[in-house]
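See below for the structure under consideration.
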Amino acid sequence: MQLYSDKVMDHFSNPRNVGVIEDADGTGEVGNPICGDVMKITIKVDDDKIDDIMFQTLGCGAAIATSSIVTEMARGMSLGDAVSITKKQVAEELGGLPPAKMHCSVLATDGLKAAVDDYLVKRGREPIAGPILSSDPNFDPHEDEESESEACDL
Amino acid sequence: MDHIVYLDYAATTPVDERVLDAMMPFLRERYGNANSLYALGRDAYKAMEDARERVAASIGASHPGEVIFTSGGTESDNTALIGLATGGGRSSGHVIVSAFEHHAVLEPAEWLSKHGFDVTELGPRPDGLIHAEDLKAAMREDTVLVSVMHGNNEIGTIQPIRELADVAHAGGALFHTDAAQTLGKVDFDVDELGVDAASFSSHKIYGPKGFGALYLRKGTRMAPYMMGGGQESRRRSGTQNTAGAAGFAKALEIMDAERAAETPRLTALRDRLVEGVLGRLELTSLNAAETDTRLPHIANFIIKGVEGEAMLLHLDAKGIAISTGSACSSGSLKPSHVLLAIGCPQEFAHGSLRVSLGRYTTEEDIDFFVESLVPVVERLRSMSPLYAKIKAAHEAG
Amino acid sequence: MDHIVYLDYAATTPVDERVLDAMMPFLRERYGNANSLYALGRDAYKAMEDARERVAASIGASHPGEVIFTSGGTESDNTALIGLATGGGRSSGHVIVSAFEHHAVLEPAEWLSKHGFDVTELGPRPDGLIHAEDLKAAMREDTVLVSVMHGNNEIGTIQPIRELADVAHAGGALFHTDAAQTLGKVDFDVDELGVDAASFSSHKIYGPKGFGALYLRKGTRMAPYMMGGGQESRRRSGTQNTAGAAGFAKALEIMDAERAAETPRLTALRDRLVEGVLGRLELTSLNAAETDTRLPHIANFIIKGVEGEAMLLHLDAKGIAISTGSACSSGSLKPSHVLLAIGCPQEFAHGSLRVSLGRYTTEEDIDFFVESLVPVVERLRSMSPLYAKIKAAHEAG
Amino acid sequence: MQLYSDKVMDHFSNPRNVGVIEDADGTGEVGNPICGDVMKITIKVDDDKIDDIMFQTLGCGAAIATSSIVTEMARGMSLGDAVSITKKQVAEELGGLPPAKMHCSVLATDGLKAAVDDYLVKRGREPIAGPILSSDPNFDPHEDEESESEACDL
């Protein structure tokens, strides 16, 4: 099987910022149990910066690792910067992801976007994140992957 | 890795040292091409025929020529599906395969559906079995071929092949079974089962990878799939793999000789495993648990609120080699087609684990596995955004 | 058999001990399934990728992913012919194969001709070569695939692949070459040759039987032939044969490392052989003798007034392992399609001998062969009802 | 490869009655160099019995062995018995032949028939052997073989 990078394995084995902020300012929950990946991000915001961030994820190794790294990347960022983190940046920060797992990084960025917009909307402000793909039931996270996926049925 | 607890024997097995010994002469001095006329070639030919006779004897074939050696279970399945459907130049007709076949059967069936044939995927019931009456209902006037696997590679249920073959034959169709997971592990006799063709794989029974066989009942028309020099009596071309044949025949002999002792040993280990897992973990179940006709070495669990790959990776870190039930490792979107076919809800199918035991599995391995699994599941559930809800829903009934 | 003089290296080769050493770990402790996620599986995966990279480097492929491992030359040929012709769902078109291809190419071509494709068999000239201008003349608007072998397995002539591939490409067709006999024996670079696909066989280069590879240029559309679990990046299903891959890669590395010294050694032995046979026997000739571009290790003789199998059996009794040029051992009615294709008269084509040399051939072997052949031929000619007439006709001019 | 029996190999390696009877009473030459098998049988006849018999054969191992054994079988036989030898008897006498080689025994029985008829016709008598298949250019000696022939192209 195609391998996870050492950094993916590190974030999977020792995920950073796991949990739920009790009195969170914003909460994002994305993904779908039918698809096997569900992620929840809670944030504390101070001066439009992400002051604290935690996650919970049900999903594969890549889903957990991308969740973990995105919390590290976002911590201390302005809300605008946080919603601009791309799935490509997440994958790069992890030293790459197998093609078949690229969609997991969408989940991570979407979770962050959802939490930021939740914070803004709760405060009566305009959401800034744009559409959150992975919560759309018609979204196919595999559509932009390389076609060389891995084998089935062992 | 210092100590590996290998619990994925259904994926592949190590080559038994006795099998390797049987192969070595053909990787060394007995290197002739089995189709050459001179002494070295005749020696290779005899070795192939000797292996063929031993395999034929083991599966109850009437003629050694009914055994065709191939490059593996996949090739045997491709050959059977396409070769039997298109045998004698046929270019249309109805083909039935079960919905929880291995992809080595499903994909050729799909190929047939794009090349003039009508294909029906017949679903198993939640008990993990294909029922004869369901097959009867699916049969058509023009059904030419039915393929139902003998033992399922994910959940281990054994299908009522004799009854199914009788239904197929009553309707004038040929019957093929993929026996990659059952050969050597349960009694296997082509006449008792009444099959026209059966697929086998060497690396599931402590033989080498890249080798297998196809049983084809004498007189059955089949278009060869691998075309060329006309080896294997024109039914499978390609220079014959003598080391593979010698290894496969030896592997099967060992399975046969040891089965009477090995089956109860594996069954006891599996029961200990099932008890351990279900006893220690809440919201966990064994797939197709109600079915008695099952392989002794496979147990497939649904562990709610966790995802299979994550379990697998944590167990790997502890030296345990195991498979998710999920057939596709290509990402979590597609859970196992086998579990979906038996009606497992999609959100739980992602949380399956297939544990498969074998010749070198010990009680200590099972206990170590159970001890290791419990904290892994607890940890993953504790970081799941859904587990609390699942548990609450369960407790609410 | 005390001492065997093996002169049939083009049929198959013994496994080199260094190759066997490279295979052994995968027949023992490194037994994982290359598609499993845990450590043992990742180890197997890495071994496959390592082998793939080494093969890719040897043949000048730009990406390791262009190398697909298969069960042998026959499977590679079947996959290339049918997979390339039907790639992207195509169901008709024109395919050109040379008339002296191996049956592993000719038979799939015939299959195509029965399934919607037009197939042209392009003849070689008496020099044993396919000429670019002949290919040009055979090309059509709708030609989709051209397959011409690199080195012929019976007469050893090497085709002008670069020129032929250019003609195919100019006409918009894909180009495949069967390089089972040339890989490792002459320089082989997919870019210099300009091929889109190429077939290789492991057991021709001191690797194990039942293993091979297909080079497929990136971006080339090909329908997979072996369907199932989707291994080899979905292009060749079936549990991967790690021992085979490690052995094949090692075998190729040894061929590459030793070629500079081995080619002149074999060439000198072959020249000694040709001189010996032609010098000692009358009414004997070397097929395609006028052609310089040839494999160093194959010589194919016509010995008039004798039948090949009879020579072979007498030589076998002396411990010499050799092949008749006649490709089909199925009886004497059908002489070699290769010899007929280059214009050898049918009555003489029955009297051909293919001698093929290899890594362990010595001068003593060659001399012993020549010394043994002479009395065999004399004896058979003396009991032939035709030889006197043939000789008289020859002497009359 | 399918094997020749020990008896075939014995007759191939040490063929009996090789040669040409100089003052033969009857000569049969059958087969075709195009097909690769040509056989010539010469006989001496005494009192309508085969008194001496020799053969020459160009052909494969089975062609030579069947030629050899048929001369042994026919020696001393009446002409009528000699032309009644069937290809099956020849094959049986040799301990069997591989299916792909069964046609060779036709050659042997045909050669014998041709020699007997040649003797009879030369003496103005009626031929007794019936049609000689293997000299007919349209004859396919493989037509009654099992279809499982052996492999090509090594």
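As written, the chain order gives the labels A, B, C and D, with residue 1 at the start of each chain.
Convention: a contact is a pair of C-beta atoms (placed from the backbone, for glycine too) under 8 Å apart; a residue touches a chain by one contact, two chains touch by 3 or more.
Keep in mind that this is a model prediction, so the values were computed, not measured.
For the pair chain B and chain D, the distance between mean C-alpha positions equals 53 Å. The distance from the centre of chain A to the centre of chain D, with each centre set as the mean of the Cα atoms, comes to 85 Å.
Centre-to-centre spacing of chain C and chain D amounts to 37 Å, using the average Cα coordinate of each chain.
Contact with two or more other chains is made by residues 8, 11-12, 33, 35-37, 41, 102-104, 228-230, 237, 239, 309, 313, 323, 329-330 of chain B. Along chain A, residues 1, 149-154 each make contact with two or more other chains. Chain contact topology: the protein chains form a pattern that is neither a line, a ring, a star nor a complete graph. Working note: touching chain pairs come out as A-B, A-C, B-C, B-D, C-D. Across the complex, chain D meets chain B through its residues 1-3, 147-154. Residues of chain D touching chain C in their complex: 1, 9, 12-13, 15, 18-19, 29, 33-40, 56-61, 63-64, 100-101, 103-104, 141-142, 149-154.
Interface of chain B with chain A (complex): residues 8, 10-12, 102-104, 153, 305-310, 313-314, 317, 323, 327-333, 335, 346-347, 350, 380, 383-387. Chain B makes touch with chain C in their complex at residues 1, 4, 6, 8, 11-15, 20, 23, 27-29, 31-33, 35-41, 71-75, 77-78, 102-105, 107-108, 110-111, 201, 203, 208-211, 226-230, 237-244, 309, 312-313, 315-316, 319-324, 329-330. Residues 33-37, 41-42, 45-46, 65, 228-231, 233-234, 237, 239 of chain B are the ones that touch chain D when the two sit in their complex.
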